[in-house]
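One chain, chain A, appears in both complexes that follow, with chain B as partner in the first and chain C in the second.
What follows is the complex of A and B.
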């Protein structure tokens, strides 16, 4: 391994890490929104929407993210829906993560004791108010460990966006391997940068899980 | 709608051929992962510090790295660092086996550690040695509770094999791209249809497996509750 080369490639990887972080962040926010919406729809058993959400979750969980991404990026423009690479990547991660987040929220929402729903109703809160002020705050705490696990999963899945030529960590590594044959240096930096991004999130996950299980 | 190309020539046969490669990679990876995962899980429960540190490092490394990075490490890393040139398919099987072994190893460890103490006591009282207890009492129970997560792992591996095309394996997604390129001028909608069909193919493989895993899980917890009541 040539450490001088490693040093010279660091700026490329820093720029690429920003792309990875930006795409992941967008995807995670979208996934949280989609997941929450789906979980509430399933909890309230909204007719029609409930079936749609069920179908969405099955499709999202049983097809590879790469195929979802290619469908968005190469397939949809044929129908006149042209999206930028970044938009495609974020929507793809949101679509993929939404179903995983939905499961996390659903499990947490169902774990809220019925007495909380009943008490809120007795106090004269509407269903939406009860959800907003009573049920969600309780469920959020319960859902946090699995949400953090999903966040790690989504950051890892963001590596597939290199497939549509977005210059994330994976893409830059592939570029250096292909153009300069500096394979070991590129792979080393790739591993180091993913570790720098993901180890703190994983540690946070362990901390959150320990704290919440002890607190109960 | 311009989907006729799907039924012309050998398109469908080619897609199914690609799916065969996908399934071959998945099945080999799972077949290697199961025994290796059991060995790793058993070693994990040994109270050996050095072994524990090594295995934890391995597990956490695999957990933190995206599967695509593992593929790259095996495919490109092996050629430069140890001078062995794996084909894309072999590299994929190795990378997924490394991943599957880590995941299954952790599951086996958790299952062994979750076995109630009474199981050990009862076995010792009956005169079984430690080795016999482990072999005939603890392991069979641990392995049974592992079946649902194992089926889940298979679906995850099947989905992840789509990444193999990025290191040049001609599996089902890559075949799909070739079909799109071939039909590009005659059938402008080829990309839309082909990726939809690809999604459908994966769904047809993964959905039944997911359902099976869910059913097994429900069955397992039912049986457990039944046992606890009596």
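What follows is the complex of A and C.
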């Protein structure tokens, strides 16, 4: 391996890492919102919406993310909907991650003992108040490990956006390989940069989980 | 006014809580088969009965955690069951459950102030002041900022009682509040309940603690297979009128042959 080359490519990867982070962050926030909404709809068994959410989750989990991305970027314009690369990438990750987050939240919400719902109800809290002040905070602790796993999954999955020519880490690595044949150096940097992003995420997840478990 | 005067003064009033012909089925199993109970102001009614006789289900029906298959629940003479069920009526009744039901994510103080601030719109400071007073009454003022998980089972149940009282309920329902406790903690919780009775609080209590029932009950109701088997005052324990009641009470006594 040529370390001189590795050093010279670092600035490209730093720039690309920002794209990866930006897309991932947007996608994760969207996925959390979609997931939370879907999980509550399923928990409350809201008619019609519940079926829609069920269909969404199946489609989201059972189609490849690259196909979802191509549909957004190449398919929607045929229907007259033109979105930027960034918007497509973020919506794609949100669409993909939403179903995984929904399942994580749903499992945690269902694990909250019935007596918590009932106590809140007997005290006169509305369902929404109980959800906001009691049920969700309890469920969040339970959901943390799966949510962190999903976050890591989505950051890794963000590499598909290179498929629509967004200059993320994967794109830059492929670019260097294609142009200069510096395969080993490019792949080495690719692994290092993903690890630099993801290892802190995992550590943060463990920390948050422990904080929850020990109380406040 | 002491408790006895309180009862006498209210003897002719209409009941706080009235259950008329309460019927509840789970599938083909009839759990409550037309139960009538009235609880007057300041009165403490104890519900006894073997496991599975429908005691807990009855309380759950009263607060609306179960839908009725027949009959109605009246609070202050006003129907609150079925279509008339309202959030507002619910806040006028307090209930404490068998299992630890404090919200684990909230401090002791926040557990108590949550409903008054959210449901009644009581200012936070005022709700906290009241909560501290309630905690002082059950001897737990120093635990206000602790999380429920750091408290013993008996302490948790005392806080749960405070939480229910913070809404100023017209009647307090207790569903086997000591069933999940170690024996040495049972006493501290029941002592609190006894003091509430002395203060004239109206209560409907489900319990398996016979000596406690005997001490606190103004009236005893024995429920058996969804029906009232016997109803009477505290003399129920010494002179039960029905064979079913004698049988039930005998299950709490132990005799060894030859002694």
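Methods note: the second predicted complex is superposed on the first by the 202 of 216 C-alpha atoms of A that agree within 3 Å, B and C clash if a C-alpha of one lies under 4 Å from a C-alpha of the other, contacts with A are read in each partner's own complex, and residues count from 1 in each chain.
To be clear about the criterion, a contact is a pair of C-beta atoms (placed from the backbone, for glycine too) under 8 Å apart; a residue touches a chain by one contact, two chains touch by 3 or more.
The model shown is predicted, which means the values in this text are computed figures rather than measured ones.
Undergrad: Going by the contact rule set out at the top, does A:91 touch chain B (first), chain C (second), both, or neither?
TA: Neither partner.
Undergrad: More residues of chain A are touched by which chain, chain B or chain C?
TA: It is B that touches the greater number of chain A residues.
Undergrad: For A:123, using the defined touch cut-off, is the partner it touches chain B, chain C, both, or neither? Pick first, second, both or neither.
TA: A:123 sits against chain C, while chain B stays out of touch.
Undergrad: In the superposed arrangement, does A:156 touch chain B (first), chain C (second), both or neither?
TA: Only chain B is touched by A:156; chain C is not.
Undergrad: Could you say whether A:170 touches chain B, chain C, both of them, or neither, answering first, second, both or neither?
TA: Touch partner of A:170: chain B, not chain C.
Undergrad: On the A-aligned overlay, A:138 touches which partner chain: chain B = first, chain C = second, or both, or neither?
TA: Second partner only, chain C.
Undergrad: So, A:59: does it touch chain B (first), chain C (second), both, or neither?
TA: After superposing on A, A:59 lies in contact with chain B but is clear of chain C.
Undergrad: Go through the superposed model and pick first if A:184 touches only chain B, second if only chain C, both, or neither.
TA: first
Undergrad: In their shared complex, at which residues does chain A touch chain C?
TA: Spelled out, the residues of chain A in touch with chain C are 113, 115-116, 118-126, 129, 133-134, 137-138, 141, 215-216.
Undergrad: For the complex, which residues does chain C have touching chain A?
TA: Chain C residues touching chain A: 63-65, 87-88, 90-91, 93-95, 97, 99, 101-106, 114-115, 118-119, 147, 149-150, 163-164, 167.
Undergrad: For the complex, which residues does chain B have touching chain A?
TA: Where chain B meets chain A, its residues are 60, 63-69, 72-73, 76-77, 79-81, 155, 159-163, 165-166, 173, 180, 188-189, 191-192, 194-196, 198-199, 202-203, 206-207, 210.
Undergrad: Where on chain A does chain B make contact in their complex?
TA: 58-59, 61-68, 70-71, 74-79, 152, 156-160, 162-163, 170, 173-174, 177, 183-184, 187, 190-191, 194-195, 198-199, 202
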